[in-house]
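Paired with subunit B in one complex and with subunit C in the other, subunit A is shared by the two complexes that follow.
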Partner chain A sequence: MNDLAIWSEKLVKIYPGVRAVDGLSLNVPRGVAYGFLGRNGAGKTSTIRILLGLARPTEGRATVLGFSVGRDQVAILERTAFVSESKTLYGDLTPRELVRFTRGFYPNWSDQAVTKYSRLFEIPMDRPFSKLSQGNRTKVYLLLALSQGADLLVLDEPGMGLDPVVVDEFLRVLVEDVIGDGRTVFISSHQLADVEQIADWVGLIDQGKLLLEARLDDIKSQFRWVTVAGNALPPTKSPEVLLVAREGDFCKYLVKKDAEAFAAELSRQGATVAEVSPLGLREIFLALVRKEEACTSGNVGGVPAPISSAL
Partner chain B sequence: MATAPGSGGRGKLCVPRRRDGRALDKATVAVYQYSMLLHVNPASGVPTYLQIETQVKHYIAAGALVPGDALPSVRKLAADLRISTNTVARAYQNLERDGVLRTVQGGRTYVAENPGSFLKSERVRRLRPYARQIAVEGTQLRLEPREIMELVQQELDALEGVDERSGDLERETR
Partner chain C sequence: MYFWKCWRCTRTHFIGSLIALPALCVLFTSIFVRFGDPDAMRKAASPSVIRAWSATTEIILGGWASFFTLMWGLILGASSLGEEFKERTADFLLVRPRHRRYWVWTGWSVGVSELTVMVFLAVGATFGTLLYLTGHVQSWWPLAMTLPLAVGGAVAYGLTYFTTLVVRSGRQGLSYGVGILFINILLPPATSYYWNVNFPSVLGFMMATCKGATSASEAFPAGSLVLWTAIALAFPFAAQLLLERAEA
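For the complex of A and B:
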């Protein structure tokens, strides 16, 4: 048992020929908005399916709201609202009928929430689901998820087909009614700007592995690009340097903390530090999931001594 | 980041009115006003809680917020800015710790009575990290000491300018 909203240890999911999830250890605190990010095929949806009991992990274990995945599945589903990536419901039913069908499954269901959010999102409650636009289908999912009174909302690409006004309203609802209530939002989305706006924590996954998990504010106050001109130094294997990229005559080091000290050390080694600059979530995402070209001393007439490992 | 009052925000709170159409009382208008004053740019490299802290301090320094002014609740400001309530709570807590804001029982948050009442040595101690940062960054960017000082002077002058403008703002809202 633990006090995390989601916890996993060395989770592995192997589909024939693919390691979709490859040793994933997640720590999602309660009461936060957590952005779960990664490229298509990175393993996000596979992870979510395991957490919700829709797929069995090949290895590893996990808890959701303190309940063991696989063993306490009913307890997890009662307390977790899920908006899946593929939005297919019973097509002949209208949203009103879908509400009537769904409410019985959830002990904390709120009819007040149904009234509030169906008005807010302007959902046509009496038109069959199959006749709804993609945006309106998404809204029906959000309506059902928000009305469950869930302690954890798991949202897989929730913004699909929504116009910017509805997305904005939805963000307000998440902040005010869900996180403001101490509940947890676990959101997987390619809309990095939206995630960056509301997320407290981010987890970045690539090829089934977790590349980064941290508080977004900590990332912003510590992550820096250190750009070096001319006499670039060989890439160091310091744990603070996440990667090294080359752009023309410049070398860029992505440093995850103590960037000023790193830059000062580079200067002492004879390099010309052009800039130490902060970066946003989008830049971090692109830098970490792309394979950057290594910057070696040979490229730019390097400096003999590598940076000391004392850094 | 330091823009003039009213220049940012979403501008959707301009005409605060109650449902029955009557105008809101003065205190409520002030709260709406401040919710609109604050704005964040989540895509920048600056942590969001820090952006809020800096702006609140800026408005106090500029006289647009005065002791006793009520700030929006954590939940309200978070909802207006579409940022996590945890972020706003962190900013408010830091500002309280610094003696800039105080929260009374019941949860309302106000601008503290004497945010400048610390001993001078304490105020200098708090400012020193920023001074060091300006010195380091400025030198890194190979600016002359004279040019760095000029920049700081310009910012001080700009603050004076805001002070004058915020005088108008106060007359409008009070």
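For the complex of A and C:
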């Protein structure tokens, strides 16, 4: 448990009328970039808020950097930098004053980092925050987070309002200065391409439930679409099948492991396997979070398998 | 850190008030003395006349000073911690590595400190003017007025500090604070008149300080002071309990 940067067990958060987080069990290793993906309202921000003590879980428990959420909150916050979705700071204060305000809270604060990143991101340090553009506000937030010397960076939509050049610089900084330094990045974003660029692991959440948690390399090397002709298919269930969807006269199986063996098994049972094809993060995301029509006539694979744990 | 931030965010209004308040004090005191006919009082030179005039002066000066302090406390409290939620900066603030009580007590301390400075200044300017114009100020008057004003101001400040945190909006918090304060001012006379029940009133406490007093020991309302100090401190305690259980 303590080897993990973030660990949660059956985390539940219920707001009036909404089950925002529904039995979420996360395992985020230390020293990696973890992409936390999901649609709007999937429960990403609610999860992050629980982990940072901004919201209280209805059920379940969690640790961050080995410290218990809720009980050891100050210890967690000393070691964690957070870029919130709202990117709102004190309008009257300039970035320089915000640095002055923030620096005293963190024993590992780096003024060198402030100088480096303020130049890199071209932040106007003496203009009031309220007069900055959305992109510059985001940059100030990133500057403060990066300068904390935190062991864990929790970034909620960090690229919001940034131009592609700055996003690229920021991702490079994350890879070289943060992950390269053995620290952990937990990044929640809709920008799948950006996440795919840096993430070692991904967790995919929908309606508060974790649909998938896997190494990105494993996804690329092992996840496959197995496309089968016809609808009246033999009943075959496999724990490796994440999803079954209909596409015209074909059924597509999203298989997380041993796709060839699964395809062979289908063939043995009389199905015609049309194709076994690799897929990227975007396709997996779309496949899992879209409510696609299930291939029910053959009852193959059953319901999208209770969502996968780590491979 | 947060102390500095609170100071940074309130200093413009504070410094503005530091300039405006003495001017107001001098103006009001001068008007009162002008219409209070101090020359006639001096000519009369009777101790009983002087005492009566002084008591009246105190009541009236204490009245406007009390009212002003209460209003200033209410307004100051509305631009406090609760506004962090309205301005959506609470997400930023509450993930800084401090216990939540730190935010409550630091923010409260800054406001109370500013309020106390203002009260000292108001009292100083008032009695300075009074001394200059009439030459009839006893040394214990300023002290006897300062403490009740500061405590009363802290009550008003703490009230909106708390209500602003409850409703998470400065404007709404101020409305609730003003409403509660007016009820506190209006209710005691009503209950006293109809049911002969005496509820404590913060304005009454502040104004009654020097009423008819001829010495420091008479003027210094120790019992009331303890009660209202406890009430003033109850608000940040309540705010702490609230914030420690609140979700941002």
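Criterion: the second predicted complex is superposed on the first by the 288 of 311 C-alpha atoms of A that agree within 3 Å, B and C clash if a C-alpha of one lies under 4 Å from a C-alpha of the other, contacts with A are read in each partner's own complex, and residues count from 1 in each chain.
The working rule: a residue touches a chain if its C-beta (ideal position, glycine included) is under 8 Å from a C-beta of that chain, and two chains touch if they have at least 3 such contacts.
Bear in mind that the values here come from a model prediction, so they are computed numbers and not experimental data.
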>> Let me test your reading of the model: by the given contact rule, A:Asp217 touches which partner, first (subunit B), second (subunit C), both or neither?
In response: first
> In the superposed arrangement, does A:Glu196 touch subunit B (first), subunit C (second), both or neither?
Replying inline: first
>> Output check: A:Ala55 vs subunit B and subunit C. Expected answer is one of first, second, both, neither. What do you get?
In response: second
>> Quick check for you: in the superposed arrangement, does A:Asp92 touch first (subunit B), second (subunit C), both or neither?
In response: second
> Where does A:Glu78 make contact in the superposed view: on subunit B (first), on subunit C (second), on both, or on neither?
Replying inline: second
>> Under the stated contact criterion, what part of subunit A meets subunit C in this complex?
In response: 49, 52-56, 74-75, 77-78, 80, 82, 84, 86, 88-93, 97, 100-102, 104-106
> Contact residues on subunit C for subunit A in the complex?
Replying inline: 1-2, 4-5, 8-9, 87-89, 91-92, 94-99, 247-248
>> Show me the residue ranges of subunit A that touch subunit B in the complex, using the header's touch definition.
In response: 31-33, 168, 171-172, 175-176, 179-180, 193, 196-200, 216-218, 220-221, 223, 260, 263, 273, 275-282
> Across the complex, what residues on subunit B touch subunit A?
Replying inline: 42-50, 74-75, 78-79, 82-87, 90, 136-137, 140-141
